[in-house]
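Next come two complexes built around chain A: one with chain B, the other with chain C.
And now, the complex of A and B:
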């Protein structure tokens, strides 16, 4: 019963946060100083008539609350407006961008989690040894590296070996047709540098958390019991310590999602990966406000939803949380 | 044996108070002194920048992307401007952005945390929904949108970072205030007729002060991180030189394909070093305030403090 309460409450919070996100997204663009939509009417040499016509066309003559209701209504219908730059529906463009972003970010993040957990376990197991010191200090350093700096370093070091820009070779299909396998291989090669940058910026924190979580679990009574039963070290660590030490990693994943998105924006910018971060940056440069507004909303909503999923996963792993 | 030693240590710490504890933490921990030293060096460099910087940051003094040499230790950028001078004076603005944004964030976060934790009820509920929003929203995306809508300028970048970074602090201070407020001496103060302002000023503020300090150090790291990221994306006043814009210029003007690693590496390392310094110092103060955390791991999020009090829904 309490568990169901917990789940319902979390979902309620998530919905409320999404609503706040939508509202702020509206007011950010229409009410705050530097009112952007009014920029449209500020075309050089525009006659007052043209300005008025534009204002009416975009519904800007209506009161703010009415504009807000229209915005909500259109969002519910999945309409995020038309991109100024490409004259295509923002929602369709964003779905394409998301399709490119998701594999790259997923591979980078999962890689970071796996590497972080593995190095954290080894560090805690061989605590105090030279390898522990090296691994912990490396983790702190990578944790402090600005993402864009890491990306540039990888460009310098590996730029000659791997493709550094875009998602696939634009000329591959020009002479003759390209097989699906060859295309996937090409995309995979392009994916290495962006995903690796994301992995390196993220993994340090997982290492540090996993290490201290392991050390704490190693001091628990049931670990002593397991030892007393005569289990081998390997078995104690693998079966009794690691499983329990993994819990904080779930929390950390949930709390890092906002950071992962930030890192992904920088990575996509550096490697021209045609994803949503790149789209956001382009929208800023082209003054494409519908695209910017839509992209930001999609990012915000995805973070809230992923957070909710992580919360629910944590609840599944550790039902004590609802008590 | 060790238990007795710890108790004696704790008794000593209590008598010295929390400010003394922070001092002790810094003196006793190598990592903390190192962190403090790094920050201090950068502050001194920033203050003395015009005296130290060997060359002008506006006039050409050498060839385009000239490699490091005896005269130009870190080489030159795409405009023939000495890298070392650029990094020294860039640190000035980066540090100002980091420090001022953090100061504003601490004032808002501290204020909201105290008001929210002390008064509770609907004030608390409203303020906490706002922090919920700010805590989950992707920082960089939000900062990009605001910086763009407002236009690129130094003060806008500062305000954007401040707006984004107060929420964690508010949460931690709130949790601490909620636990302090229930203590007997506060109840006694109230029963003898002390006003809210007096209770907050005399009894609550001193209890959350050190916590705010630790959080300040950690927030400086986040602020500088965000500044460099925003600058890298070209959302900062293009006429200023900061650690962020140096990387941006290097990337924009193809320093990578020109093989000019000296336009990228020293600047990136300087940013990393300062962030590490803040991290080491902030963590040490936090550990000193909250010995329970020396082994614990429930770090909230990057560079953030863990709440001293409050578990379950209050623990962020």
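And now, the complex of A and C:
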């Protein structure tokens, strides 16, 4: 029963967090100076009538509380609204953006997790060795590099070998013929640089935390006992150290995966990747409230849900929590 | 150890080999004109199409696309003169209220349906019905218009309530829409007018076009691809098609040109890339533009704070302390023209070349401020009405880069005459809000820019009282100027209108709501394998003014 209480409490807390996020999303962007009408009406041939028409069309002439209630009502109905800037349904725009973002960020993030854990284990295992020094310093360096700098360097260095922008070669299928395999290859090639940038940016954190956690675990009494029993070094590390050292990584992994949905604005910017990060950046600049509300709702829900799953996984992985 | 070393080499070599083979395979399925024998121009830009719907779009490239897929009655030539397009000739009644256009015979839309003067009349009349609502973005094009009619398939008559000076320029900006596509959306309250995406249908058919190209594939924020329209009634383009690819970063776009992924990069090629591109063997073209960078000083007569800025002597001193040559040399690497009036020299005869900017002269600036009684404070900042002459300069993201360097030069020089300025960064939306806050009564200074249309009417309108809260970014309001503006907009005779517009430029130059810093050059680059680009002072070669470039461009 104690376990069920814990799960219910966590779920309730997650729902409350999402509701608060929805409310903050609504008011936060509206208290920013500027509004979408200023932006959209600053065009040649604009008239004062255009400003008025846009204000009425977007419902911005209504009191804020009324706008908020309409927003909540429509959200309950599953309607995220129409983008002010493009006049297209927000849900459709977000789905398109997410379809672009998730593969690239997933590959980059999962790659970072795998590489980070592997290099962290190897560093701790061979602590003090030359490979440990190289691995740790590289991890620190990549962790410290600004994403845009790293991306730009890769773009300049590998630009001749790999595509540097967008998700595909748009011309191939229209002004010629392109097989499905060729298209998949093309998309795969376009994925490499942004995913690699993300991988290199993220993996250092995993390396350092894994290494630190491993070193702490290697000093535990039960590890000494295992060694005293005559188990091989590899067996001790694999069976007794890595498993226990992975606990702190679980939280980091959950948080990282939660952010997958949020995209990687800088990576998307450098490689012109048409994902949700770029879409939200544009929406902020344009004060496109429906798009911002929808995008940040998806982001908030994904982070909260992934955190909830991490909590539940912890509950399973570490019996001390249930006690 | 030997095994491990070879394994390491394999781990490094294998992915590179895979990438290399995939690259080769991918290259085999791309490239200009692959598989068709025709030439396809790959264009890169950092300014994406924001919407294909002409009642929603704001991006320059959206309008460039309309230039090529929809008919316009007229277009500009390379000298910025209006020349025939869908209208082959025209005449205006003596009172200037009735315009008669004679359109092309036997023209067709890309779907084979007839394209006649009736399509133009239909577009105008339908837009007029919704000009105070969803078609509001077009309202300015229809100013003073009563309606249009087409007594026969090649004659269009447009009637106005008063003489309108810039009818031809307005018609150049107005696209003729295909009735067979748009009629279902001009119904009811017109709400569907703005939600129609206007992109190629999912059936794989291109968008219905009345221009030399038709849009065949479009992915928002990624690319737009065009093929020749087989039913186009004008001269056949030399290329089979072209594509616009959108880049978030100018650095990535320049790199794509170097790597051969695009053939041409247009608007927003950074000045810092010019030398490297030339060194790499690319053709880099620079040409003066009609856009301008402005240093804005709040001249609103109801200003409540720092009212010394309303003193013309202070604004004159600030101009004397503006080193335009240094700004052009340092911030623009020489790729800009010195600023003077609100109509740029590249706008041809509308620009008054007699107006010369004040020379950089710090001694004169100090002398002006001394004689006006603004004494130097103990920290080197002058005092005006008991407060230091220290001002915030509102600074939007459009100005980052070259604008930052410009600001630093101005800040250093103004400090030498006892005026302190501080950069106040904010985004575009917040910028307008900060400027127009409290009915323009509180802001002091700003830096921003204008990229006006060719006809000067719009740029002149920005400084009218009617644009307060709308397009005004200076707070300037003067009924005498408004009267001149209203009059010029009715002058059909070009010479008479030009004379008045020159007076207006002088008027604004003297009032100095703006110190026009410079007119940045259009910078673009292309592979030397291509030729036929016709650079215009707005947007460069691929623009919304004329179809010259994409009708003539071809491989050498």
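Here, the second predicted complex is superposed on the first by the 267 of 323 C-alpha atoms of A that agree within 3 Å, B and C clash if a C-alpha of one lies under 4 Å from a C-alpha of the other, contacts with A are read in each partner's own complex, and residues count from 1 in each chain.
Rule of thumb we're sticking to: a contact is a pair of C-beta atoms (placed from the backbone, for glycine too) under 8 Å apart; a residue touches a chain by one contact, two chains touch by 3 or more.
Note that the structure is predicted; figures quoted are calculated from it, not measured.
**Student:** Taking the superposition as given, does A:170 touch the first partner, chain B, the second, chain C, both, or neither?
**Tutor:** Once the two structures are laid over each other on A, A:170 reaches chain C alone.
**Student:** Considering only the touch criterion stated at the top, classify A:271 as touching first (chain B), second (chain C), both, or neither.
**Tutor:** A:271 contacts chain C only, not chain B.
**Student:** May I ask you to decide whether A:70 touches chain B, chain C, both, or neither, giving the answer as first, second, both or neither?
**Tutor:** Neither: A:70 stays clear of chain B and chain C.
**Student:** Is A:140 touching anything from chain B or chain C once the two structures are fitted on A? First, second, both or neither.
**Tutor:** first
**Student:** Check the residue A:8 against both partner chains and state whether it touches chain B (first), chain C (second), both, or neither.
**Tutor:** Touch status of A:8: no partner.
**Student:** Give one of first, second, both or neither to describe whether A:159 is in contact with chain B, with chain C, with both, or with none.
**Tutor:** After superposing on A, A:159 lies in contact with both chain B and chain C.
**Student:** Is A:224 touching the first partner chain B, the second partner chain C, both, or neither of them?
**Tutor:** A:224 sits against neither chain B nor chain C.
**Student:** Name the contact category of A:292: first (chain B only), second (chain C only), both, or neither.
**Tutor:** Once the two structures are laid over each other on A, A:292 reaches chain B alone.
**Student:** Determine, under the contact definition given at the top, whether A:178 touches first (chain B), second (chain C), both, or neither.
**Tutor:** second
**Student:** Chain A residues touched by both chain B and chain C?
**Tutor:** 32-34, 36, 152, 155-156, 159, 269-270, 284-285
**Student:** Please name which positions on chain C make contact with chain A in the complex.
**Tutor:** 19-20, 22-23, 25-26, 28-36, 38, 40, 42, 50-51, 53, 56, 58, 131-134, 136-141, 173, 194-195, 197, 216-217, 219-223, 225, 227, 240-241, 243, 245-249, 251-253, 255-256, 258-259, 261, 397, 426-434, 436, 452-453, 458, 466, 469-471
**Student:** Applying the document's contact rule, which stretches of chain A touch chain B when the two form their complex?
**Tutor:** Listed in rising order, the residues are 13, 16-17, 20-21, 24, 28-29, 32-34, 36, 140-141, 143-149, 152-153, 155-156, 159, 205, 208-209, 212-213, 215-216, 219, 248, 251-252, 255-259, 261-262, 265-266, 269-270, 280-281, 284-285, 292-293, 295-296, 299-300, 303-304, 307, 321.
**Student:** What residues on chain B touch chain A, complex-wise?
**Tutor:** My answer: residues 129-130, 132-133, 135-142, 144-146, 148-151, 221, 225, 228-229, 232-235, 247, 250-251, 256-257, 261, 264-265, 267-268, 271-272, 275-276, 279, 295-302, 312, 316.
**Student:** Going by the contact rule set out above, which residues of chain A touch chain C in the complex?
**Tutor:** Against chain C, the touching part of chain A is residues 32-36, 38-51, 53-54, 57, 82, 85-88, 96, 152, 155-156, 159-167, 169-172, 174-179, 182, 185-186, 188-189, 192, 268-272, 274, 278-279, 284-287.
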